[in-house]
Amino acid sequence: MAGERVVEALNRGLHDLLGRDPGTLLLGEDVLDPYGGAFRATKGLSTRFPDQVLSTPISENGIVGVANGLALAGHRVLVEVMFGDFLLLAFDQIVNFAAKSVSMYGRRVPLRTVVRCPVGGGRGYGPTHSQNPQKHLIGVPHLALAEMSAFHDPRHVLADLLDRGDPAVFFEDKILYTQPARGEGRIDQLWAAELPAGPLGPAVLTMGRPESTDCLIICPGGVADRAMRAGAELLLRHELETQIIVPSRLWPFDAKPVLDAAGRAAVVCVVEDGPAGGGWGAAVAHELHTALWGQLSRPVVTVAAEPEVIPAAPHLEETVRVGPAKIVTAVWEATR
Amino acid sequence: MTAPTLDDDLDSLLLIRHFEQRLLDLFAAGELNGTTHTCLGQEHVPVALSPLLAEDDFVLSNHRGHGHYLARYDDPAGLLAEIMGRRGGVCDGVGGSQHLFRDGYLSTGVQGESLPVGVGIALSLRRRKPGSVVVAYIGDGTWGEGAVYEALNMAALWRAPMIVVVEHNGIAQTTPTEAHLAGTIGGRCAGFGIRHRLVEGNDVTAIRAALAPAISLVRTSGEPLVVEFRTHRLGPHSKGDDTRSEQELEAARRADWYPRLAAAAPESFAAADGRQRDRVAAVVDDVRARPASEWRRQWPANE
Amino acid sequence: MTAPTLDDDLDSLLLIRHFEQRLLDLFAAGELNGTTHTCLGQEHVPVALSPLLAEDDFVLSNHRGHGHYLARYDDPAGLLAEIMGRRGGVCDGVGGSQHLFRDGYLSTGVQGESLPVGVGIALSLRRRKPGSVVVAYIGDGTWGEGAVYEALNMAALWRAPMIVVVEHNGIAQTTPTEAHLAGTIGGRCAGFGIRHRLVEGNDVTAIRAALAPAISLVRTSGEPLVVEFRTHRLGPHSKGDDTRSEQELEAARRADWYPRLAAAAPESFAAADGRQRDRVAAVVDDVRARPASEWRRQWPANE
Amino acid sequence: MAGERVVEALNRGLHDLLGRDPGTLLLGEDVLDPYGGAFRATKGLSTRFPDQVLSTPISENGIVGVANGLALAGHRVLVEVMFGDFLLLAFDQIVNFAAKSVSMYGRRVPLRTVVRCPVGGGRGYGPTHSQNPQKHLIGVPHLALAEMSAFHDPRHVLADLLDRGDPAVFFEDKILYTQPARGEGRIDQLWAAELPAGPLGPAVLTMGRPESTDCLIICPGGVADRAMRAGAELLLRHELETQIIVPSRLWPFDAKPVLDAAGRAAVVCVVEDGPAGGGWGAAVAHELHTALWGQLSRPVVTVAAEPEVIPAAPHLEETVRVGPAKIVTAVWEATR
């Protein structure tokens, strides 16, 4: 909707989802009105759907466990974990119970538990409230991962995650909450967004001429804004034209829709805003190397955060998080 | 919930006893893989409880769950096939001894994981099948896990109709309760404002009579309940790993229901005992002859 | 452990009060980033406790820890510089408000995480510095975390000299205690066989006198102790996020020590109040003028 | 030592480590004599070092937390987690506390917590007792990961992990426990092992002529035996000569010692016995692609377990775990 911020789009999506099915429940810490959650994503829900919203004690593992029980009994369940760092407290319920239960009983046991959590730095919250924990959960059988973006309507993405019968985690970059929800169309003078494969497919951000791409950046929603700034810089300073692909689904990662563009680009760059190693960047790069061997003129460039905690002070945060400059440097160096 | 007769109870007790003993034999003979935790000495717990449960109730079991399963479902062949990885296993051999699932029944092998799950199921039952309850079996050692307390807190706050059945056998693997549990289970329940009932002995009829009103109250009030059975593990933790002294084992044997019931009615007991021994033997023969299980994966993982 | 005078206590209370109030001002003025949880209304807890602690004791603090720090270390500039990310911060601005570390003091922002850590430190102290204790501050809401119970169990089993100080302010972020905690904190401690002391009011001298013997007993016996302070959060959870009614806020204000002490000795109070206000103002001016902190990473991560 | 099994070498190592420093402590469930831990790795320790061994309640997160507290107070601490799957219960203490504390206080806070856990299938323990959880912890800043092998003396590896001041996790493939501890030297008629970079460097397994390698397999200790069987098969059936490199340290992964061999080999194959995606295999492959671009004649082949739980029945386990045949097929297909 026009003028919406991302957190409002998210909130609207949650309203829709609780509204379409009275069996859909939402649990989390401090999610009741008038507060509506630490980042206000659940605002209005408890007033409108008092029987479907449950405010919980501070018990991340327990809450996800309760959600798993409800899901086992046939409910669709959304859990809000207040900060992505605290997801680690719930890994047993996410990995050992939710994901394994789908298949370990010999037949498919659908489990519709979707855990949402704000992730990433840039807000000065300090090292235990700023991590990007995506990497820990990539490649868990029967666990789907998606990341919020300004281009994808959270309603569609969450509905898909809730409906598929595999448990899922939805990562929400904190910085995005207050940014405009863009959807498709023109973003600014330089950039325009398209969703060529529909509301769940990757968003494609172009400068107008997707055919003649010098650089293809693949990144999740939380990094897209920084990638666009890097793209602008690459154009201005180095006359390189960039295309950006922003998948909503991080895992299982579908490489098909990016192969064409990746095969054509002079530089392919995968960006993730967490420390490198065993994460999304290397996983995507490996798929591309394998699928496009002989077609790529240089190795896929991966850009990641420094291998460090996210410090509290904003000027220090910027030394660790991925910023446009780091992307620009990595791409530029690859071309030389 | 038709009332079982004394004979039914005895059959059930003996079925479990012989099933578990044969499992240990099969292990010793190298016919089983992995691990198995028998409930020898604790058979009366699920036998006493099962007739108090209705079809819509949900049972959450743990690693020591063969008795929980057999007392609820008269399906030794399905269970043995599961454990042996043969055709007809409850979960086609994917889950094995510790991971069983049927409508209204689930077990898993991570201690403590089941209690928050139980709260969730109980909350759903209260909405959709009021009057139904969750029964979750855990051991004394499992009270070491934080998940237990997160669950108790939420169960009490939200009036989740869940009955936590504690099989307090005085030991966790090799660790005696004194070394792993400070205070008492009853005291811990009180701290969460949760009712707690202690059950001693193994007289199935008496236990059932004593527990029936408390369990009914869970159905009507929605308030959770913890039932703590003081019981004894007769066998090893899994197979051959018993570090207890002969004295401790002797105490466990003295508390066993088997010699007590055998002495109480020697003839009918012997008849039932033979019947169940033969039944289990036939089940073993049947299952042993079956081909390996097939995992009918109808879904692509991570599609 | 030299006994503090009434004036020392008042200075300490007022230093914390003015520090926290200025933080909220700085936030409102956009001069601070991130989040900050002030201890307004709870200043007396660490002020009462700190003189009972020795240098070798270890304090574990939480998100609402400025008072814990200032009552132990007379270092408002180090703390403010840390929060503002300026030169001279306790942790060079890497940790920020919730993550402080000095010899004998550590805070972290994940609720419940500190209690098992506290057990470990306490066990080490018992070995290497007998008579020393760990003091771990947590809030009422933190009793939702399973880690708390895993730690209490081990502390009791192993006689870890740890004092858990509960700042029970009746709320967790926006959730009133009735909605997040079933039963009582005292009852939960009893369930683990752990001594529990309830402290009401905010008379620092009286509290200290009442607690001194119990804390000494931890030093000599090694047995853990939980001290529960009934207290009131005067301010918002962090900044501007207070969902309580005017009535609730009024009740918190009525319980505040500030007007009580101001009325009790108006002149000396006013003098102290002015002194600390000025001191904090000077600290703010000093820190604000400092350059940004530098992170002197002397180690390669993952080398 | 001659005739030792791996679990005996591990046990000897633990004896040495507790013996060399009375401040070194060991915690875990059921670690006391006469049991000595579920896999008997801690046998004899509680008798010989009664003050250094603590048997704990079933509280994985709590135990690692206690270890972290002890480590903060200056102790070296070994924790045994009974099965690697249960490590997930302790992720908050491992990642949010141990690893972050090293750097989040602005100066280095050394934390000598080493968590050991048995991992992997092949023993019929079922889906909650068989996972390989390594992938979840790769790329965590300040967290070291190592895996037990038959060629590395666990004593040296654990001593190094305990001494470096970063917390660490040591993965022990269950199957290895009862296999012979081999160290350096001849393994069988085909294979011989060397530790050219010393006791902590990778083990190099060759058929005698390392120069003329057709295939280089890089794999952790738990997979080495399967890799050797695959190598034998590749020689027999396809006349391909294989070299195997078995690093002890999984992360941070040091690519240097493998670059030479990887650059020379016709096929480079990285094997891990867990589901693919965001794991060690892709991380290593990405490093090699980047470092050896232009030198590699084909993309690095990664072999992983099927993306599934490890089922209980042995015949089903083999459909998911990595076996020699899967390695052989992958390598052979790559050469064609």
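General observations
Residue numbering begins at 1 within each chain, and the chains themselves are lettered A, B, C and D in the order written.
Here, a contact is a pair of C-beta atoms (placed from the backbone, for glycine too) under 8 Å apart; a residue touches a chain by one contact, two chains touch by 3 or more.
Each chain and its UniProt protein: A, D = Pyruvate dehydrogenase; B, C = Dehydrogenase.
Given the structure is predicted, the values throughout are model-derived calculations rather than measurements.
Steps from subunit B (Dehydrogenase) to subunit C (Dehydrogenase), minimised over paths through touching chains, total 1. Across the assembly, the mean Cα position most removed from that of subunit D (Pyruvate dehydrogenase) is the one of C. Subunit D (Pyruvate dehydrogenase) has its Cα centroid 36 Å from the Cα centroid of subunit B (Dehydrogenase). Centre-to-centre, using mean CA coordinates, subunit A (Pyruvate dehydrogenase) is 31 Å away from subunit D (Pyruvate dehydrogenase).
Spacing of subunit C (Dehydrogenase) relative to subunit D (Pyruvate dehydrogenase), judged by their CA centroids, is 42 angstrom. In subunit A (Pyruvate dehydrogenase), the positions touching at least two other chains are 56-57, 59, 61-62, 85-86, 89, 92, 96, 103-104, 126-128, 141, 251-252, 277, 307-309, 311.
In subunit C (Dehydrogenase), the residues touching two or more other chains are 89, 93-95, 99, 108, 110, 143-147, 150, 153, 157, 179-181, 295, 297, 301-302. In terms of inter-chain touching, the protein chains here all touch one another pairwise. Residues 143-150, 152-153, 156-157, 179-184, 187-194 of subunit C (Dehydrogenase) are the ones touching subunit B (Dehydrogenase) in the complex. Those residues of subunit D (Pyruvate dehydrogenase) that touch subunit C (Dehydrogenase) in the complex are listed here as 54, 56-57, 59, 61-75, 77, 92-93, 96-97, 101, 103-109, 141-142, 144, 251-252. Against subunit B (Dehydrogenase), the residues of subunit D (Pyruvate dehydrogenase) that register as touching in their complex are 29-30, 32, 34-35, 38, 55-62, 85-86, 89, 123-129, 277, 306-309, 311-316, 319.
By the touch rule above, subunit C (Dehydrogenase) contacts subunit A (Pyruvate dehydrogenase) in their complex via residues 33-35, 84-85, 89, 93-99, 108-112, 141-146, 172-175, 179-181, 241, 243, 292-293, 295, 297, 301-302.
For subunit D (Pyruvate dehydrogenase) in complex with subunit A (Pyruvate dehydrogenase), the residues that touch the partner chain are 61, 85-86, 88-89, 91-92, 95-96, 100, 103-104, 126-128, 131, 135-141, 251-253, 274-283, 285-286, 289-290, 293, 298-300, 302, 307-309, 311.
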